[in-house]
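Should a chain be cited, it is by its letter among A, B, C and D, assigned in written order, with residues numbered from 1 in that chain.
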Amino acid sequence: MNALPLGLHVPEAQPCLRSFDLSEAGRVRRPAVDIEASEIRDLAYELIRVIDAEGRAVGPWSGACTPDQLRAGLRAMLKTRAYDARMTMMQRQRKTSFYMQCTGEEAIACGFQLALRSGDMNFPTYRQQGLLIAQDWPVVDMMCQVLSNEKDRMKGRQLPVFYSAREAGFFSISGNLATQYVQAVGWSMASALRGEGRVAAAWIGEGATAENDFHAALVFASVYRPPVILNVVNNQWAISTAQSLAGGESATFAARALGYGIPALRVDGNDYLAVHAAACWAVERARRNLGPTLIEWVTYRAAPHSTSDDPSKYRKQEEQATWPLGDPIERLKHHLVGLDAWSEERHVQLKAELDEEIAVAAKEAQSYGTLVEGPKCSPASMFDDVYQQMPAHLREQRQELGF
Amino acid sequence: MQERSAEVVIIGGGPGGYVAAIRAGQLGLKPILIERNALGGTCLNVGCIPSKALIHAADAFHAANCQREAAPFGLSVKGIELDFARTVAWKDSIVARLTGGVAGLLKKGGVSIMSGTAEILDGKTVKVETVDTIERVRARHLVLATGSLPQALPTLPFGGNVISSTELLSLRERPKRLVVVGGGYIGLELGIAFAKLGSEVTVVEADERVLPRWDAALTRPVAKRLEDLKVGVVTSAVARGLTRGGEGLLIEQRGYQLREIPADKILVAVGREPRTKGFGLERLDLAMEGKFVKIDKRCETSMSNVWAIGDVTGEPMLAHRAMAQGAMVAEIIAGQRRVFDAVAIPSVCFTDPEVISVGYTPEQAKAEGLEIKVATFPFAANGRALTQMNEDGFVRIVARADDHLVLGGQAVGAGVSELTSSLALAIEMGAVLEDVAGTIGAHPTRSEALHEAAFGALGRGLHI
Amino acid sequence: MPVELVKLPDVGEGVAEAEIVEWHVALGETVREDQILAAVMTDKATVEIPSPRAGVVVELGAELGTRLAVGSPLVGISFGEDAQGAGQIAQHDAPTRTDEAPVDPKIRPPIEVDRHRAPRSDNERRGEGRLAPVRPIASPGIRARAREAGVDLRLVTGSGPAGRITPDDLIDHVRGRSKASVSASIAQDNDAIEPIKIIGLRRRIAERMAEATRRVAHFSYVEEIDVTALEDLRQQLNARFAGSRPKLTILPFVVAALVRAVRNFPQVNGTYDDDNEVVMRHSAVHVGVATQTAPGLMVPVLFHAEARDLWGCAGEIKRLATAARDGTALPKELSGSTITITSLGDLGGIATTPVVNRPEVAIIGVNRMMIRPVWQDGRFVPRRMMNLSSSFDHRIIDGYEAAQFIRRIKELLEAPALLLVGS
Amino acid sequence: MPSLTMIEAVRDAMDVMMARDDRVVAFGQDVGRFGGVFRCTDGLQRKYGASRCFDTPISESGIVGIAVGMGAYGLRPVAEIQFADYMYPAYDQIVSEAARLRFRSAGEFSAPIVVRMPCGGGIFGAQTHSQSPEALFTHVAGLKTVIPSNPHDAKGLLIAAIEDDDPVVFLEPKRIYNGPFDGYHDRPVVPWSKNTLSETPEGYYTVPIGEAIVRKEGTEVSVLAYGTMVHVAEAACRSVGIDAEIIDLRSLVPLDLDTIVRSVTKTGRCLIVHEATRTSGFGAELSALVQERCFYHLETPIVRVTGWDTPYPHAQEWDYFPGPGRVGRALMRLMEA
């Protein structure tokens, strides 16, 4: 007869931001790229940070970027945020049905992309548009996809923001969570098998790590050790589900990797310098055939999950203010200003420039039509690309449709 | 790019297209008609009408010349000469009046005409490029009426002196030596006309006889007239190409070696093929019937609400078939229950003498295992023919042996083209021999020969 | 090349015209002398016409169902060597009315069936490409109107030449269909209508029945007969004379009763020539025995029933019925009755209203025999009962006379012994 | 020409393709060193090395997931799901990813993969080793589904599937791996060597996807079948002496509808046979298509003989398995109507 009544532990609905073990910047060591995974298990519980409270870059992970690269990074983050703002407005104007912002998380995608080479392949979720913008992928092309107009390369078939750009190493986004994670492993196995030196980067939100495809990916990555970086973007929220529901209370997401013998880093996702440094570390390790690395990027989803979500229903307004890691753009700006490599005026001027650039692109994109009016891809195109060659029964159905 | 939309968009303003447009307009469908060249298409501008005008002028000129030699009824004519340029001008004036008429009818029918080239984007969208705009036109119903064009010979591509009927009809002066490749109805109609106008004409036909698609008895009088007009006829012969200098045609006749026929102009009239290229039709991936667009009894193609009428849908490539289909399609789109179920479509060859056929020929009937009665009545026994000094030819009627249902009729002779209406009416109405025989034909006319033929078929011939 | 026109021979006393009901030869066929050419039907009988000579059939007089006057050409037979292409004797030579002799659509080529099985139901005909549809002959106007009315012309019988569908044909079809449409909702999918021309015996019956109802002032009289005793007697006699004498049904007894009753009521055994308004009273009792045959109802005659005993009647009735059913009854056996008996055997029903067999004035209908409770001596007892439903021509026979006549028959049948005694 | 079993034919196909095209890789549980639980990949790892034929963790979504990734990279992966009954964890990767990738990326990416899975009953495998889940794949736009009934077709179809640029689900009826099975389970097993259809040409050849084959000409009734049921149908027709026309569909999507329509138009009667459960089985789709195209030629309603709508039993194997008895009775019923 056990004395204590049994009870179910149902995690707190709120992320416990207060009890964050905020280690100061520069404290976490930077191991050699070829270190044995078993020797850096502790890093899975640390938090790699470079920019300190005064905006200075400190510690072994600093020094990886030149001022020009940092300015480019800042521009990429600002442009991503401006793009998100414009597209959200377009959705509110009913020019498209749906949009998803990555406000507050821009540093992760923009910083990471800088560490890749052409030929590598990202397997993104719907919140890594920064990967494209950081390569100056034409925003008009992205906008046409969101508007599903005639110029949309996906011919109006995908939900808005489900981009695909093979040339930019951006695998076609799927709405099903975590499916791309194991595919990234497969892709990197193929690269290893063919010896062509390409690296894959898998992306997942912390909530989706509960999917079995996440575990399948980690099993296959640990067994075959292909050149893949397994990114977990822990932005605290999966729609209304806090990260605790994904097991975040009992262990960090980085710690997942330890069970599979995969080396793991845990990084301050709002610290551009830390992001870039950690990314380079993992990419180099993969490139040197030393196998996969899992990185947990700790950040905060500042905006709603999507245009069809209202966070006020499940989290308090002021919660964002209590987020300890601050805003990635402000922290990089503060650092650059510190280096006299940037100034407030140039920042305001750059924002204006980007807003204008985005506005011009939006006008052009809308000229090719929007979801609700203007030219769309012909219904006839609906029957293409289902199979390589259109089979007879599809040909017949198209004739019946009449386009 | 601007956008407009309409209930019905018709590509091609020939007989099929403009009739469909007029009828759709009458039914309040406010159609858009897209035509690249002149309204009226081949028939009105470079086909039926201009060729008939030229044939009429040629006949008149020839008749006058005949009086100079024979003067059987005392008419003597001196100093005949033909200002061919005025003939061509006269022909063009007739074409102009008719195309003007069509334009008027279209406007009255509330049809908006877009003169420009059409490009099909999908089953309901056409890009139209006019002289000053590019527009995207959306349709709930698309009607293909793009017609046909002269078939070229691989060994004798059009260009220079190798011309099609279009160029021949717009020549400003008569060619001294005209060689016609193709002894079909187009080749002979124009060959005979130009022979009468004074050209030295030679016809080269691959088959054993001219007008191979018409039965032998019907074409014999035409062959005789060709001899009278001193038109050279070379059968079982194939054009191999131009001679080196380009002023003659190399032909290969069965049983003879390669030889050359001198020619100022070479008319290639070996047939017509449907116009299915150059306006994006392949994008629709429609079911085809050989080279033609496949249609059902309502002229609908394999794609919903995409219709096709006229030459582009196949044989017989005749203007009046296109018109009938055009009117029907408009009515179907307007919601009426219509089906193209004509029992027989008349075809006419405006040679000298004229040749017509409606419904079954004896061979066709026998081929379908039908037991038939056939009777002919020669114009030599027809009073009117005698008074017109033109007794060649005959009228033939074909009927079922058991219940005497009239299956078809053919005729060859001067002016028999007018006989097509009574023959077509008889067949369409389901007349039996007793109906045709029982209908009194005016005397003396050529058409009474039809009733005589019916009596003959019933075994009770009177004037024979 | 000589052609002999075989004329329609005189097939029966005073017959003016006959209807061609069957061709036994086809155009172009070589025939022997006396070979049967055709069968024609008169008011009286179906008569087969033998060929007067050998030769080749070059002319057929008319279509099936056409009525030819006696003496008009029936068949053209050429008896030279090269009997060439046969044709049909031109319509308007024959004296019969042209519209009367429509061309029979069946003569056109048979519907080619592209499957190796017999033609299928109506929905098979509707399938495209299943059958080369026989193209209906109709003018564009009729075709358009038919399509508007949603009528499939293949289902409309054309009365015009070569089966052409005339405006009336379409109207009749639509009107016919609109009547049927009331019950159409029930038989929604079973709207197959098969036109059958009324010819031959069927037409003969139709005309006689119509004539009878038009002229005769009918009234019917139903009486109940207790045939328990009669049935016992019948069974005893059959058992006794089984094998040696014909089996007795109830009819011979009714005939016997009829013969005796007529003696008291001679007006019932009469025929009324209403054209000349003369009633013929017959001393002989020639009893018409209504008999159902495949082509239709026929009435062979039991002559001089008064002179036959039960078994004589039974034998003759049996012979006549068989002859009528297999079509071998001679014309003279099919006319001349003075009074008729009609019985449907166990189908007889409770009561019927038989139609008088003009020019007769009375007809006796024998209904079904069944056990019914009857009040006798203060209680219900089961008795074998049978009704007689008879109809009379009130122009000649009044109700009272008819009732007395039937009561006389009732007395005789309820005391069957009287029938055996020559009273 | 050598006579192969279906197992040898499948292995031969992969061998031929791995030799011809170094992009072809084969993997799955027990597929590498051991050569597959049915020996279908026996010897491939020895011949082509562990990086081209290798074992995988027991994770069906992982197996198909990496296959999709490899396909997107440009390889030609042949993934094996050990039993069709275990395909459900991988169903999301097959349907939402492999089948949709080309469409959603407008042709930028595609998944030219083959997913092999042994299917069907007849081996006392009960509900986890006997299922026939073809209907779950034929319903998905973007997938091709094929199922051979003999070694010759198995090799030709598998080679065609590997060469096909679209994702192909390749179902292998396990009961006929070693010999044609006509449903008479109480009779000795007939090895493939005794059947002409085991004659398999050496080297490269293909049986085109999308083409059915008339296994036996006939006039009275058209029998549509695939996999093991082709042999069961043949046995049934022989037993009841009905001149049936037996069509081995081989390819369910794309379907060779012309051959089916031609046959039913000729015979006017149609019997459909499949092992899978009846409700929403592929037979329902075949029945719909036949009545749409041949309604006016049908003498009788279309009849389906299928597995019952129950999970696949163990002891009652032969009451569930649609054998020649049931097929024969259905044929008789068809002929009487």
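In this section, a residue touches a chain if its C-beta (ideal position, glycine included) is under 8 Å from a C-beta of that chain, and two chains touch if they have at least 3 such contacts.
Model, not experiment: these values are computed from the prediction.
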| item | value |
| --- | --- |
| Graph separation of chain A and chain C (steps between touching chains) | 2 |
| Reference chain A; chain at largest CA-centroid distance | C |
| Comparison of A-B and B-C by number of C-beta pairs in contact, larger one | B-C |
| Rounded Å distance between chain A and chain B, as computed from the means of their C-alpha atoms | 70 |
| Distance between chain centroids, defined by C-alpha means - chain C, chain D (Å) | 68 |
| Separation of mean Cα positions, chain C and chain B [Å, integer] | 61 |
| Between chain A and chain D, centroid-to-centroid distance (C-alpha), Å | 41 |
| Chain D residues within the chain A interface of the complex | 25, 51-52, 56-57, 59, 61-62, 65-70, 72-75, 77, 89, 92-93, 96-97, 100-110, 141-142, 144, 164-166, 210, 253-255, 257 |
| Complex interface listing, chain A residues touching chain B | 375, 378-380, 395, 398-403 |
| Contact set on chain A toward chain D in their complex | 121, 123, 153-155, 157-158, 162, 164-166, 171-172, 174-176, 179, 181-191, 193-194, 200, 212-213, 215-217, 219-220, 223, 384-388, 391-393 |
| Touching residues (chain side chain B, partner chain C) in the complex | 337-339, 341-343, 369-370, 373, 400-405, 428-430, 432, 434-435, 458-460 |
| Interfacial residue positions of chain C with respect to chain B in the complex | 85, 87-88, 90-91, 103, 107-109, 135, 137-140, 143-144, 147-148, 150, 160-164 |
